[in-house]
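Going by the order they are written in, the chains are A, B, C, D, E, F, G and H; count residues from 1 in each one.
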């Protein structure tokens, strides 16, 4: 609660528009909705943080998903569910007829029309770059999130460092974006190379793609944090959603 | 090298302004300066990446520092050296009379006037927030870097989660910044709290402040990466410089 | 064996009430029950440590569970089994008709009536606070354990740091409890915030909720141990039972 | 700020005792003291959390220590500094003549008379038990903290599991305490043994005593968290102060 | 090949009993049996190392198990297969009618009669002590191995440190053994306690019993290696077979 | 693109054979093939790096495998797919009738005749040595890769350090190879022993064979990197393919 | 306290030789000596565990060393101090004139004549084998400990796996010992090789010799635990003392 | 010992040229030199493994260095000591007047003239490429080792991925070498990029250059092992010597 709002409430007491008890109630009133099962859905999060509540689907039962989607979808609000497996995704499509499940990024979207089929947009204020084909699910989760929050976003896929020449034709596109999201598994070298070649801020997303010493994404995570190229920041492993939220906040701030 | 520049060179061959050999020379010519000791200082990095070359002082001998500063300082270019200990800092002040060493952030600056003494500016496009007094060196390194690259930046220090009421008076200031840099050691909880309270992108900097299970900053690093609040990205431990570079790139992109 | 009891036995020898051999037998007699399969159930543990033997269900076969419950349930003793999956839980309900399985906390209870359905009590000498909906199973395991050992306990759920305003309405309730159990996954920041806001001892329980750098609960565990707020102690990952045992011992000591 | 206090302020507006602006000022007024060097000492922490601000001496320069002690010592408030090395300790004794430095626990105390010399009290509401001679500094830090906060506390030292018979004579004393702090390095087995033998809550403190696979205290930390005996909670490595704060909060709650 | 045997061969050349080529053949002749599938079974290992080849069943297909057992069982040699799951165990019983599968230790034995049913022998030159009921499979694997190699061995189970009084009645038995194998999961404290109470060498076996910070047995492993009691050595996690091999070698050496 | 090729293009502009735009197009033209699903198959990799594109089968769906094999197999190019499980392998055999799946190494090969059945060649420019039977799949993956790229390669299996005498008869063969690939799990000691006995470069491949402290291959990996014998380099865990690629490059360089 | 001793005390009560209080006193009397500084030296440890108390010198101040040695040396008891640096070692020689400091193993010995100079005995019931010259300090600590406890022990040094031929001439000697202690740093492969070549039990001691991925001895520790050769058990890193204690216990048991 | 040599000895017995005892002596005779202090210098290693014994200077006392150099330098043999600090290096120069210490690579060389001053050769059969200026010591250690073993070797320094354009002018040189050694710290991305651009085998050397999540070289080590570019193998952190030994063996094999 900002000082301005607080002052306004206090002035209403002073002017008699509110009793102290009513004011107290407003001040401590919690802007969230308690659901039947003890979960509090944070409906005002969008107002407070710029990113409205999104359902993280991994590890949730289909009942929990139903209940969460139903609550958030009231008043035709758009709903995004991330990290949804195929079974739950198809079930959600049945349960909420207007919605659509996309299996590569593993997202379910309701009350909003997004087209996530190939070819994806190749340019945007936010530009997502993925190293290998196996990083595509995470890159598409990022793209989905950007589009869901109404940002212009593009995706250039499969331009890893083992064949750097595939990156070079895109350097101009990179330099026209406002912020880059670079998704890479294996040794995670792509963000360093990109940040060394252009002047845009890079949000790096390590993926769990690889085996052995990839350690489920720990190695690219550490490599990205240790990058010799300045201007890189990093999010959790496979967290395309988080990288996109960060980029969305940057773009919203500068609209 | 962008496609536009390349086309321009090719057209000069076509028009006879350049011979093929001269053109070849220009294309492969490397825009860096080879120093006497085998180090290549990357003088054109600023043009290419928006962040000109900065000297990372940690682990360098005083001779290496002299040589690096001297090369970069030609033509009165401003020079920034980070992570400089007291002995080397004072030595640099003697060797380069116009320069100044600031001991808390451990930076040496030449050919640019910056005032890093307390009180620091409290607002800015980039706002730096530090959790505890011991995190101040890293927070000041970030502030120095922002100011060195001519960005408006402010610093609010010592507002850790063990006394959250110290943060609340600053919420309005936070909401007026464009990007936040949040510096915290110990368990690294401050970025989550800040990102949950306001709608700006947060670059989190874990510090090695703490002992035992702080593990020299690994614990706050992991905590920040795992944050439950969306819109946070993270840099290396104690890397105030890197967080600032990222924020500078964001601001430059939107000037 | 306390000195007092030992002295009493020795005096009986002196007075001829016991022969040396009989006394020897009493001194080394082991107060536990050897079962058919080589397991020793520690029936006197309650007398010795204040916490009677509870069955840890994870990794046990249904046969092992049957046998353990049967032995402990003699003489209508109340029995608690923790970390029971759905299949085994339903099987136990069939096998021991008076008992009841609760699936969210994964507990089976026999010879004692506990109501674990929502809404849970909101106040108590022991107050359990959980950060996110996904932490609920662990929080309910703690609540169950407290109630099983006849302590007044309450539960406030889903008040994580990404929406701190949800916590503030409960601060008075917190300050009226005697000990707090704070359950959190992800980055585990909630215990620091709670301990910074009120003067009660906090037992922190990290959960394995999260992905990537959550590392199955290691990150919140480390964060809690490294907390900048004094007055926090920590138990094993997902160990709602252990935190409750600790709190029960504290309350029993001060009855 | 509790609801009660807030209501009182709001009623003063309603009754005209405060203008809205004055009230706003009181509500957001931060009860801490900004020092010359950008550190905020949290003078009201004692009121809020039961544990007043204590100076953590490790890694602080002697100048920082002077400044912190001076600020906290105003109005003859008692001051505790922990983890102080010999050089800084003796320096503080010179600078603040009434104060005293104790070298084994590494603490400096001003404006309060504590006797930390051997023999220490052997009983108390809080009873500290240390495994080996090398764990003594951490155990004494805990004792100091308890006494500084006016709690009855005792210390039984050097009763490790490699010679368990040394523990048995003290079992009665243990059973008369209200909470136990058990300090152990090496493999950290003592808390399990103590918690298996008596019915008091045990706060376990791992120490960095040992070599090789002790891993600077990580091994006893993990062992304590994994204990097979219920009723143990754990604090950071070498954190005698934290364990004592926890125990003090437990005792204060039940005074 | 020992010097003595070599000398004997050389003398046979000198005396004309062997030609140089025949001798060369004997010297480099490899005493192992190449199987059809490229596996070399080391039939002479028993002669060389005192422990004949045993089949490690984990991760082997049923075909690989058949082939290995068949080769080793020639000439009615006794065969031991360890870490066999239930499916493969029952299959082996069918395939090799004289053999027997025991499911708790997960071993299959052919051409040798061993009785592994409860109650187990309680004394022996080698005495195995297990901390909890869940450690029983590993303890029984050790018992099986000792008996398979014709050593007198006993097993005392379920005497963990959370109820140390269960250990005390057995101290005399311990002192009559020649070597102790102590099996423990969780925090792995039992070997320290045993080694502190009696004068026999202790081979400690950490088990993967536990959860969270047990880290699949790493915590008890580290705790055992860091023990404050001298005279303990440690084997791999869950390696009851390895501990038994070591103890068998000790006993064979002193027969 | 080499300088020579670039100069040639530039000369064509100069001589009017190419317009600047045509030249630009050639320079930035990317020699890869964009597939329908956003994957770029790198068809020119063989020309550039000596190793043509191979399909890494692990984690790919059968649809992805079909698509990748189909694209690479155009013009009867030989195709190698590694780390293919049995189900996908048999499916590929059906889909691409000329191809063959080998289940031990888990490879599928199309448009090339390789015989991977036992016995394998025992000598070669590249000689592969495997420690135990369980390391065979990785060793065979290496052998397959060498043969696929037309190198002479041999395989000596099951000569681990627990029975070193099995290695000695092969020392002459080792000394006639040009490069050795040594595959070992467990503690990974074989490469040290081999490198200490002969003068050939050793590429060590750790495998995930083992349990407990093998840590899925991390222990042999670290042991190989820390070897006391000079002349060893190491590849990722289970990476028989990578070791073979390295050896193939060495041999190709010296053809 | 064994049952036999306890019975004897009880019979004395029965016969009137002891009052119950006297008996109680004897039973709970702790057979250790409380020193002035709160340390309990465990003087009866030798009787109880076969290994009398030894002073672990690392991390102890010279005052603590003086006090410990003085207490243990009463009645001309032999005293061993391990892990003593040069400064403290020479100081102890001055303070206790009959004693001697040996700098390579870092031990100080009083009231016992041991000759630790080269050449060391080459045979013994206990045979110590060290891999490299840098492992010598740990190997000599083991040798010293064996000799201090009056066991026949020998040392063969510098026979690492990078030159295995150096080991072969000693195989006969190995086969005549009763127990082997194998000391190795780097990748720690020697114990596997030794255990594969002879039939004696092997106690492996990893050392912190090496750099990088040796990780201060963790790599050889893990390698030894994961050894493919049965009959190896392992002690803590650099713990020559512990390995020797184990071997001494084995030998004492079989005297 | 090869079969051929053995046969020759056996034939001498047969022909009476050797007695069995003399032959035995030759067979088991160990071709190493036992020094006064128990170290065995392996003088025949060069014959056996292609790499003669080199002194690893780190952690050795100046006395140990003197003794090792003296022994190896007999008969004017060239001697190389690696990882020598400045103090010991200058001392060795005094003690062995013909020798020379080079401080950047930290090597001392005797009985061989090598010029390690800048500029270094830029081409060679072995080409060393280093990422940053701080990696130079490790790169020069590799160069020294190659030259010491009489291989043609060159060094291209300071061409890291943050400024990839610095690498491109050297691509032709790379393609003319036979084997590449790529040295990089920080995130270790350079080997992937190099291996993706050219067809030579790459030996990657991670360095401990960096801070925080570089983890003393672990991060680049893991990144290199996990590289997406085939044809890379890796050596220990900072192990320029080991990489060079490997490359020397490759080149010697193909001379």
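Definition applied: a residue touches a chain if its C-beta (ideal position, glycine included) is under 8 Å from a C-beta of that chain, and two chains touch if they have at least 3 such contacts.
Because the structure is predicted, anything quoted here is derived from the model rather than measured.
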**Asked** Which chains are shared contacts of chain A and chain G?
**Response** C, D, F, H
**Message:** I'd like the angle of the rotation relating chain D and chain G after CA superposition, in degrees, nearest 5.
**Reply:** 90
**Request:** With residue numbering as the guide, point to the option in C-G, D-G or A-H that repeats G-H in over half of the contact pairs.
**Result:** D-G
**Message:** Let me spell it out: compute each chain's centre from its C-alpha atoms, then which one is farthest from chain H's centre?
**Reply:** C
**Message:** Using Cα averages as centroids, what's the distance between chain B and chain G in whole Å?
**Reply:** 53
**Whole-Å gap separating chain B and chain F, where each centre is the average of the chain's CA atoms** = 42
**Message:** Quick check: how many Å separate the C-alpha centres of chain D and chain E?
**Reply:** 48
**Fill in**
Two or more other chains are touched by the chain G residues 3, 28, 48, 162-163, 169, 195-197, 212-213, 218, 221, 225-226, 229-230, 236
**Complete:** Touching pairs of chains in this structure are A-B, A-C, A-D, A-F, A-H, B-C, B-D, B-F, B-H, C-D, C-E, C-G, D-E, D-G, E-F, E-G, E-H, F-G, F-H, G-H
**Prompt:** Where on chain F is chain E touching in the complex?
**Reply:** 118-120, 133-134, 136, 157-159, 162-163, 165-166, 168-169, 209, 211-213
**Message:** Residue numbers of chain C touching chain G in their complex, please.
**Reply:** 3, 6-7, 10-11, 13-14, 19-21, 23-24, 27-28
**Fill in**
Within the complex, chain E is touched by chain C residues 1, 28-32, 36-40, 42, 45, 48, 58-60, 64, 208, 216-218, 221, 236-239
**Prompt:** Which residues, counting only chain G, touch chain E once they are in their complex?
**Reply:** 2-4, 48-51, 54, 169, 171-172, 175, 178-179, 195-203, 221, 225-226, 229-236, 241-243, 245-246, 248-250, 252-254
**Interfacial residue positions of chain A with respect to chain H in the complex** = 131-132, 160-164, 186-189, 192-193, 195-197, 210, 212-215, 218-220, 222-230
